[in-house]
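One chain, chain A, links the two complexes that follow: it is found with chain B in the first and with chain C in the second.
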Partner chain A sequence: MKKFLAISAAAGFFAFFAAVFLALGADWYRNKRAPDQPIAFSHKIHVGKVGLKCETCHKYTHQSTFAGIPSVQKCMSCHAQVATDRPEVQKLSGYWERQEPIPWNRVHRIRIREHVFFSHKRHMKADVDPKLECANCHGEVQYVDKLRRVSSLEMGWCVSCHVSKGASTDCLTCHR
Partner chain B sequence: MEFFNQFGLPPSESYLELMRYLLVMTLLIHVTYMSLVAGSTIISLILNSRDRDVRNTHFGRLAKDLMDMVVPSRVVVLVFGILPLVPMWLIYGQWLYKSIASTMFLLPVAAGVIALALVVILIYRATMRDDGDNSMANFGIGSAGLMILLAGMYILATSTVRLNDPERWHLMQSPGRLMVSFNVIWKYVYFLLGAVCATGCGMLFFFFHWPGRGPVTDARYARFVKNLAAGLAMPCLILMPVIGFFYLVTTPIVAMSGAVYGLATGTVILMFIIFVYLFQTLLAERSSYGVHAFLLFLGVLLLVGVGDQLNLVNATAEHTAARIVEAEEAAAQIALEREAERAVAAVVDVARGREVFETVCTTCHRMDERLVGPALNTVLPGYAGRIDDLISYLQKPSKKNPDFPPMPAPGLPLSDVKSVASYLLGETTDSGTGENGGH
Partner chain C sequence: MNRRDFVRLMGLAGGATALNSCGLERQTEKIIPYLVPPDDGVIPGVATYTQTTCTECPAGCGASVKVVDYRAGKLEGVAVHPVNDGALCMRGQASLSRLYHPDRVQTPLKKDARGDFAEISWDEAYDMITTALKASSSQGFGFKGQKNTKTKNVFLSGRTSGTLSELIDLFCSGSAVERLPEFELFSYAAIRKANETLFGRAELPSFRIEDADFMLTVGADLFETFVSPVSHAAQFARAKKNSHFEWTHVEPHASLTGFQAKRRYSVTPGSEPYLLTFLLTKVSRMNVAGDRHIADVIEALPKLTDRGFAEKTGLTVEQLNGIAESLLSARKPLVIAGGVSTTQAVGFETALLAGLLQWAVGMIGSTVDFDHAENYDHVGAAGDVVELSSRLGENGIGVLFVSNVDAAAGSQATLGLENIDKAGLSVGLTEFMNDTMRQCDVILPLSDTLESWGDAIPKRGLVNVIQPAVEPLYDTRTTGDILLQLVGRLTGNTPAASYQEFLFAKWRSRYGRQSVETLLVDGFLRRPTTRTAVNLDHLATRRRLRSLKITDAVAWPILMVTPSIRSFDGRSGDLALLSEIPDPLTTITWGGWLSISQADAAEKGLEDKDEVRVASSEWTAKLPVKIQRGLPRGVMMVQCGSVKPVPLSIDPRSGGVIASLEGVSIEKTAMSLAVPIMSGSQSQEGRKIIPEPSHGGERHHHDPEATLYPDNVYPEYRWGLVIDLNLCIGCGACVSACYVENNVPVVGPEEHLLGREMSWLRIEPYDAKNDHVEFQPMMCQHCGNAPCEAVCPVFATYHNPEGLNAQVYNRCVGTRYCANNCPYKVRRFNWYDTKRPSALNPTRNPEVSIRGRGVMEKCSFCVQRIRSARDVAKDRKSKINDGEVTTACAQTCPTKAMVFGDLQDENSEVYRWAHSERAYRVLEPLGTSPGVHYLRNKWKNDHA
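On to the complex of A and B.
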């Protein structure tokens, strides 16, 4: 009886941790992995192969707090003629014909954004050497098809970069 | 890293895949062995220390037997403890080509420290006496060896686990920032627990089932070994999932994937089965369970090793994708250069054609007499104005005339075949006409 109880207790203990690891995996799958997008847009093709600059589509990077997501019209300015036989481009055409925006899933998001003020413009125009590039935070997107968040975007990560670049670490620099 | 960046090449996808399999196997051999060495040295030193407080002949005997088990000779230490670090360094060098990670600097440091530790542990083992009566000096050497070994393994853990955090690679230039990381610390504690557990399972395997060694005939000593092995391994098995949890939650998200969590779950299931086997060993005194426990623990180490590599694959996905693109560009460049060389070489040279004909073809052919093959002036007129057909035939001959044996492929480069064909057709045009035949 004691032997049975001991093995049952051990089974419960190990089963608990197996369940915890599976739960961590489920949380990663639901909240932390690279999200699937309504259209399998490839940065590898557009940036890596075609050679488009980031600002071609994300045109507010130097002008605004937000980098901006290109409109369907912007996409169609090329894809009305280019690669129209591809299934993903046909999905794009569908959005255009229905005059609907594409419901992209957000990849980069500051976790508690209500308390943080972040400006793309400030960072792109920062007087640091070497100059900041999009890849510093977003990774080398020209090599990947499916975009994922490569930087944690957590405070420690921001502060370590501010320290290494000699930028202000005053609380009010980011928290308003 | 400079060395690799200067002399290395960007790896292709399939090459990198092969390297990863090799790395997992190398790590399995090395980590298993180092776990056994670390665990055995820890237990041996504790037994030595206890032996002085409480006189027990089993303590001194087991302390020595343990060291005989893991460092039986210098060759074993060299093959399992030191040599695997060399391919490991080369594989990481290829994987991390052009990265700024400090791994390529840390790995040789770790290798040096581990090699020194193993030498000191070999000395510790050599100073142990068969009667189990070991002195303080012996204990001091063993402790020094263990401390150096633990330092070496921490550096090794740092050099690999820190790769999971590519966003901080550029911030890790100072040793303090590099070495202090909760992720590394949890991995290291996991290794220490695994080391004691591996040694416990290893004792049950090597002491009772290793050919030429077991079984232990002294029943009291055998019971002592079994109880100690299972009694040490079981608490460590209980703690390993707890520490594994802390390791998982401190690992950067960028290094995670569903498979990593799946493997972690798999290790917990294996640990439970090992726990049951060890529990049965304690109760039933059946040593055969030790074989199952040890082999399953090797399975745990394999799953952990694969999980670690998956972490690294995920963390370095962008870095690797960039290198693969570089490799593809380099391969395309080489192909272009070869094509250009071939184009230059493919320029028809009739003089060269004559030279090749006289050295290669005249073994079987003459222009105006039958030899092994037909007289060429009876055959070649059929190819007049069809040089491409003649070139195709010379590249890949087929039997055409039943009166002659089939012609073997001469195995000439395309440029030589073109030159020979031009020479032959020019020669035939000059000398007359005939039937299209061949072999």
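On to the complex of A and C.
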């Protein structure tokens, strides 16, 4: 009986840690891992090597709450000629030929976003010194091939920046 | 089971649950970009506005459609529009949901042998129609010059105007189709017929209320449904700002409009001609207009003593003389007879004598404007439908087109369009299935106004544009496109490839290129009108008056069928939102009721919600009772469309409807019904919620602003709303606008019966002395010292630095302490996740959260609008200027009775209003320090 108890206790002890690791792993897998995309688009090549500006493709950053995802036509405006021999670019031209939009997987998602009203425009035009850069929230995308979320996008993260920059922390600024 | 097993099992279950909830599969969400972006300059998430016309009723208000991401999200009035001047009524606001209504007809339909409808293609539908039309003409039927042939093709339509009307003519003349007078249940036939008799012009003039200094209205429900309610309300507001303006309203029933008048008198039903005769007699004696022949013209009218007239009308001699005096001493008087007074047995006489009075006092050409007459040129009268029914019964119709009509609306047995199935082929053109359309062989689905091109001429001298705000949702066409197709297929020669092309060609030739541009951008175009003299035909009038028989024997009690401010003649009943919004007079939401007078209720021992059986010789119904203040003994009311159709009869002289039943009986049953009456009590309980106009600046026993809390500091703005009760007419347009703007859920009758209405803004009717009713809009007062804030355990509601009483939905845990502590009872709790038809999703405002179950919500002063105004202001690095931000309620108010802005800005409109000597705040002695101010009514309550 005693032996049984001891084994159970030991098993329970290790099982607890196993569960913790499993949970942490699951959390990473679910929330922090870079998702696979239908086309292995690389910000490293487009921003780091070619030197494109963010607004070239995400054209509404200064005009709307949405930053905007480029249309397939926008991609093809270069890739009709450029790097047409690469397998990933051929995937792109495949979408274009089939006249299908590309079903990208969302990387930046605010967890309770139905309660949060965020505006890209307001942040890009924010009157702070130094000016806010895309990289402040989205990371240095010019160094990574496969994009992943680097900021938690949780309220504490938002508020800490609002406090340090002297922006409003009134609830109605974001919730309404 | 022993303890060990229990623990083991629980552990297993818990572990399984935990693993399940972790779920290794990532919940991926897709972002689908454009394949090819549209090059129309539309930025995702940024609103654009399209000017068009509201077609919910015939008034022709300009509507500006807010479009975000190709979805129509809200309607506003077109600013400086000659009809509605930036406002929309309750129905106009709600009409947005017509576009996305799940019950819309989506494809052409054909009735099969069993009477079910099956989908067909447009080509099949066109082929059926052209074949039938060709067959009927090859048999020699219906051609011009062959009037003796019995069978004809006919086209019956709802009211049309402008280019569409022309195109219908083109189609009918080219295809051997007879165009019938257009159908409107309330077509103002009596007034038009009277004006034809008097002046030789069968027209409905427009009334210039704003120019008048004394207005006498007889039965006309100016602000509810009469001709152009928003225009009347806007004009009334402008007139009332003039301190000389006086208004006496005389009505046989009780209406919202009546309670807004300075003096409201109840007249005996059917005695309106006597009242007008009395006034004509006085006028002819004074000879005001210089028409010396008036006395001769009216010599045939009954001659009674003042006391005799008083007995007939039920008014006192003093009241009668008072009206006459005001009328004669006014510089610019205006008399309007309409509404129930012109849709009764003596409706024609009332209209005739009112028209004569307008002439005799010299109102024609001044306050009664025939040059800008309302456009009822093609509208017939309800009687035409009865005639068509009998023609159909005699197998006299080949192809029958029924366009945009519910002739069975309120389907009055003696009035409804019958025998449709006896036509060779019946073709229905409609957006929704209704009783008329269900009888047709072929249904052609029409596009909604917000998907269509078109124009409208609501009155002479004004053209409105109808332009699409969104792409058609379904396989629908506009009436214009359908007719052009038919013309093309019948003659092999189309006038234009599409109705849009047809329109633009017509517009350019009519107005010129420059003006077409103005029409598209502004939404309307003023056109010059020719001034034509309107002269009384003395001989004809005299002859008509001689044969006039004023029957004053009304069989009591009388049941009046009134059009409703919420559903008009029943047509707006399709829109659920309008059933959710309370009727302003009774605060009843879902379902029908019978309004009875206090005297009758006392006599029969009836209370609110008691069921009665109402019966006339041909109609009977069981209805709950609502006691209506101001309603005279023996008069009862039901609203069109909310009860079992009442059989109406036709006045043979004008062809208009007689919307009342005489000699009905009511009998109490043992039942009391569940009726959603939203107002708990109409008594103010002495709390001076609407104080007397004469009492200014009450003194309180203590300083209401005294508080233990630190003073509020507002670094930038203190948002506030001021509501002028002098201008508020209780029409409920603000309520409707609030619902649409703020995603307020429609919860339905079951919830309402439990008192769980969700409206953030309500109109409260309060009983006043002398049988009067006063109205007050009530919403969150955004208190400086809010009782709700102190009791929230989770800080979900708090006072923000701009003076808003904020409600953070994702913080709220639903204790409901706040609602219990609110003295204004304006907080609403979500008892359930409200299920909306998913088709209506596009109407949701993307700027406002959808509140889930267990969350408190309330008026936010349209914080999303404040935020977007701030966004614009920040772009130019300045503060929000006065007038740049307004709430949905204030924006749509027909009388502009609400002003929103920064109470700290001494140059703002809202500051001036809030510091008016008429300003007060509701329940101020409680020390809540509200951000909403009210202004007292200037008109003292001297109703009798």
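A few points about this structure:
The definition used in the following text is that the second predicted complex is superposed on the first by the 165 of 176 C-alpha atoms of A that agree within 3 Å, B and C clash if a C-alpha of one lies under 4 Å from a C-alpha of the other, contacts with A are read in each partner's own complex, and residues count from 1 in each chain.
FYI, a residue touches a chain if its C-beta (ideal position, glycine included) is under 8 Å from a C-beta of that chain, and two chains touch if they have at least 3 such contacts.
The shown structure was predicted, so the numbers you read here are calculated from the model rather than taken from an experiment.
Partners chain B and chain C fit side by side in the overlay (superposition on chain A). In the superposition on chain A, contact of A:Ser151 is made with chain B only, not with chain C.
In the superposition on chain A, contact of A:Ile45 is made with neither chain B nor chain C. In the superposed pair of complexes, A:Gln73 makes contact with chain C only, with no contact to chain B. Across the overlaid complexes, the C-alpha centre of chain A sees chain B and chain C at an angle of 160°, to the nearest 10.
Judged by the touch definition given at the top, the superposed model places A:Ala10 against chain B, while chain C stays out of reach. Residue contacts after overlaying the shared chain place A:Gln99 against chain C, while chain B stays out of touching range. In the superposition on chain A, A:Gly139 contacts chain B only, with no contact to chain C. Counting the residues of chain A that each partner touches, chain B and chain C differ, and the larger count belongs to C. Shared-chain residue A:Tyr29: touches chain B and chain C both.
Looking at the shared chain after the overlay, A:Gln63 reaches chain C, while chain B stays out of its contact range. Overlay on chain A (Cα): least separation between chain B and chain C is 12 Å.
Judged by the document's definition of touching, chain A residues 22, 29, 33 lie at the interface with chain B and also at the interface with chain C. The residues of chain C lying in touch with chain A in their complex are 15, 18-19, 22-24, 26-37, 43-46, 798, 800-802, 804, 806, 808-811, 847-850, 860, 863-864, 867, 871, 874-875, 877. For chain B in complex with chain A, the touching residues are 166-168, 170-171, 238, 241-242, 244-245, 248-249, 252-254, 256-258, 260-262, 264-265, 268-269, 271-272, 275-276, 279, 283, 317-319, 321-322, 324-325.
Here chain A touches chain C in the complex through residues 19, 22-23, 26-27, 29-30, 33, 35, 60, 63-66, 68-74, 99-106, 109, 112, 114-115, 117, 119, 121-122, 125, 127, 170-173, 175-176, going by the rule given at the top.
Remark: chain A residues 3, 6-7, 10-11, 13-15, 17-18, 20-22, 24-25, 28-29, 32-33, 44, 48, 139-140, 143-144, 148-152, 157, 160, 164 touch chain B in the complex.
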